[in-house]
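First chain A sits with chain B, and in the next complex the same chain sits with chain C.
After this line comes the complex of A and B, so read on.
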């Protein structure tokens, strides 16, 4: 208990308020997770009985397996491409001429703020024209348009704090420009690269609106969930949602603790 | 053959010349310092030698080879920066090894050379540390080892001690100079600190606004500056406008703003007017009028005195003449009463009067 700082009431009110916010954010998810372990054939809360019935169902159903497979495949293709394109763009913005830098940056990250439904419509038109709708050739570039800006931002931020004399030191020691970037710059900005990669993966895995335009027979996980919901509300939805939640949470945790897990400790200036 | 030779080198940014028609040669084993005020083009010159800045005109040779237009990584130069620029994700050992790896030196030779280089800078026990775990002085020594291990033709340092505190800076000066002599490596050193330049260099290149003002040994630069700018930049000095009023067989008598001075006649005087320089530590302060051979003695009044520890700095107003700066060693323990207002006499030897050539 804090004393001597005036009334404890504002402090208490803040605690209560924060708890309420957390409750409203977490409660629906918690209910969903609990419901996913029901043994009944309908959703109810609290469930009358518990078991893994719907997880078995999800893992044995070929529809779900195909959907998860496609989503993972797209995300695995999108992540490295997004990282490469975004990193190149960030380098260009960081090292290129000053003039027009701001506007170019704004254009590059605009897909983040444009309504995805508009983007989706535009990409759909192009895909139709090229006759590639409903294929990876459409899904992957479409996802890239919205994942690349995240890499541009995270790598760009790292480059801004990067000390360019490190590259010059490497070059004076006999490294060509490429080797200097490869051996020095990229390792030093690694936290930014990892953040960009994780963002790309999560966003691609989660993407619904643009994929919705492009897909007809092929179903990604979000699309499959949506179409299942359209017909009936079965507990399998709760099970697959819980699994998705687990993967996303794991990746986000990796993002938050990347310094400790992947970066080998912070680099102290 | 010079280790480094710059001929008529020019670098312009827009319409401004950062470096203008610069000629400079560094001989094997020589320690050359570029000295000058901020913005005079020292770093630009160094970076042209390193290859990070391309000159607009002129040629640069390193080790007898024309390297103008050759990228930095094929120039065989060792570079040390003010901010150390150690690779933060590599240990001290890996930092020093980097240049050898890039050159494809085989692993066993790499090990012995890295150990030798770390030994030179007395950091043999620190090879597994990360740069962030070292003090500023230690980091700069690693940077030095990293630059030396590749056995460059020339060592380039841009204000390497700028980030260190004074004591460490003085210590590093001595250490760098010893190391440089031991390895006999040609060195180009950039600083705007004249003490640093005077204490370390074989030759000093004084620069101003992109051009060379004077090149010479520390002694010549300090005692015989070739311009008012150099005299002013190199330590404290009394500078007077003077004209000749009399001359004898071996001396000229000059009227320096009301102060009558004798100067050796070996010094040329173009026209009747000149600027004369008297270094403040060469003037003696006397309590009573004492005439000495080869000196002039004039009376004056102490205007101010500043206690600087090892020295005391006085401003003395000469009767009907200028105010003169005098610096004395703090040895007498107050035998001169330093109260402002006390009368004193100045004794100025002939050979302390230097006529700046115009």
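After this line comes the complex of A and C, so read on.
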């Protein structure tokens, strides 16, 4: 605690309150993880006995396998495409003329400001028109629409700190523009690229409402979880949730250790 | 970037793949919704034209408007709850040393990347009829019938706050960290009590962050579908649920489009209001 904030009591109250808020954020997930290891046929806390029963169930069920498979497939298609489209746009914005840059930037991140329910409704409509609803041809572009803005932002932020003279130096030594970008610029802005890729993957993997409109027979993981949850609350839902949590936690940890979100520690100095 | 002041307008071609995607998945779909909202829907047949029937219907059928108000009310409750829970955390983050601040930031940022449906599942397991709280209280003999902890406004607000709290804390922290602490020190060296310093210096200077956070959480809450459905069942109806139902079950695109535009109008109004407030508070 720094000086000048008065007596310790208000500060202690602040600490206790904040810890309670963090408990509120974390405890439900912790409980979920613990419950997923129950060996009983019902959910209770704490579970009377522990085991991997429901994980076996999840891994052997074709419904869950199909849903996970489709979600992973979509995310794997979306992530590189999102990275390419977003990075190209970020370069264009960075290297284009100053005039109009602001408005073009606004265009490139505009899907972010629209509620996903409205975006989903619109995309469902055009997908019906083109007869591609319930196919990857609809799922992938739909997810790209919400992931590309994140790449534009994260790569754009990295490009802002990149010194173009480095690239120009490489070119004056005889490298082509492509070679200079590939060997100089891209490695330097790598944190932004990694952040963009991880954001794209997680957002696509977790996307619900747009896919909910588009999907009829195909089920992504969030859709399958939703319909299971609406039908019955079984321990298998806790197990699949824990698995999802593990995947996103691993990706988040990668992101944090790359220092992108926390500003490379700059923010805490 | 200053080096590219002149810039090469050829570089803008790099935007074309992204813009092309947006035209197909964003601009055309939005235009379609706008056109559809003025179409006529009779006996399951949609006639394109310039009719106000859908707007008249949603304004006068009594149900849509009620649910719209309910959605706004719910979004306001969520926003205020996030502010009350988030502000003290943001203040503590500002006051903490580097290590503690990093930990707090970790706990605030990481939920942003945690699956929304997984977090809703967690709340169902806790608040449900045979969730942890009800099971435990019945076991202890404190209650005989389960408490209604979800399938009501309380459950919805709690679960949505859990999802959106980070969106409140980050702008608050941003505004608080930008305050020059020497202003507060000056106030307290002139004899102001800590409470007075907070109320007359810190709080007013943090208002741009309060406005930004509240706007963000309000807009997000207006459009959320998943959590209210899971936590509210059919007992808490919101505009996004009506929109989804109109399309998926009634195939009434014109009315759904009009409702979607109503939602956009409400959000647009909120953005304008927020811009005004930002000007007033000097953000």
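Everything below uses one rule, namely that the second predicted complex is superposed on the first by the 252 of 269 C-alpha atoms of A that agree within 3 Å, B and C clash if a C-alpha of one lies under 4 Å from a C-alpha of the other, contacts with A are read in each partner's own complex, and residues count from 1 in each chain.
FYI, contacts are C-beta pairs under 8 Å (C-beta built on N, C-alpha and C of every residue); 3 or more make two chains touch, one makes a residue touch a chain.
Quick caveat: nothing in here was measured; it's all calculated off a predicted structure.
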Partners on chain A (chain B, chain C) - clash or fit: fit
Partner touching more residues of chain A, whether chain B or chain C: C
Spatial angle chain C-chain A-chain B, Cα centroids [nearest 10 degrees]: 100
Touched partner set for A:169, first chain B, second chain C, both or neither: first
Chain B versus chain C - smallest C-alpha distance in the overlay, whole Å: 9
Chain A residues contacted in one complex by chain B, in the other by chain C: 165, 267-269
Chain B contact footprint on chain A (complex, rising order): 163, 165-166, 168-177, 179-180, 183-184, 187-188, 190, 267-269
Chain A contact footprint on chain C (complex, rising order): 1, 3-9, 11-15, 17-19, 21-22, 24-26, 28-30, 32-33, 36, 85-86, 88-89, 91-92, 95-99, 101-102, 104-111, 113-126, 128, 130, 132, 135-136, 162, 165, 177, 181, 184-185, 188, 193-195, 219-220, 222-226, 230, 240, 243-244, 247-248, 253, 256-257, 260, 263-264, 267
Complex interface listing, chain A residues touching chain C: 1-2, 4-7, 10-11, 14-15, 17-18, 21-22, 24-26, 28-29, 31-32, 35, 43-45, 84-86, 88-89, 91-98, 101, 104, 107-108, 110-111, 113-119, 121-126, 129, 141-142, 144-145, 148, 152, 159-160, 164-165, 202, 205-206, 208-209, 212-213, 222, 225-226, 229-230, 233, 237-238, 241, 244-245, 248-249, 251-252, 255-256, 261-262, 265, 267-269
Chain B to chain A touching residues, read off their complex: 50-52, 71-75, 77-79, 81, 83, 85-89, 98-99, 102-103, 132, 143, 146-147, 150
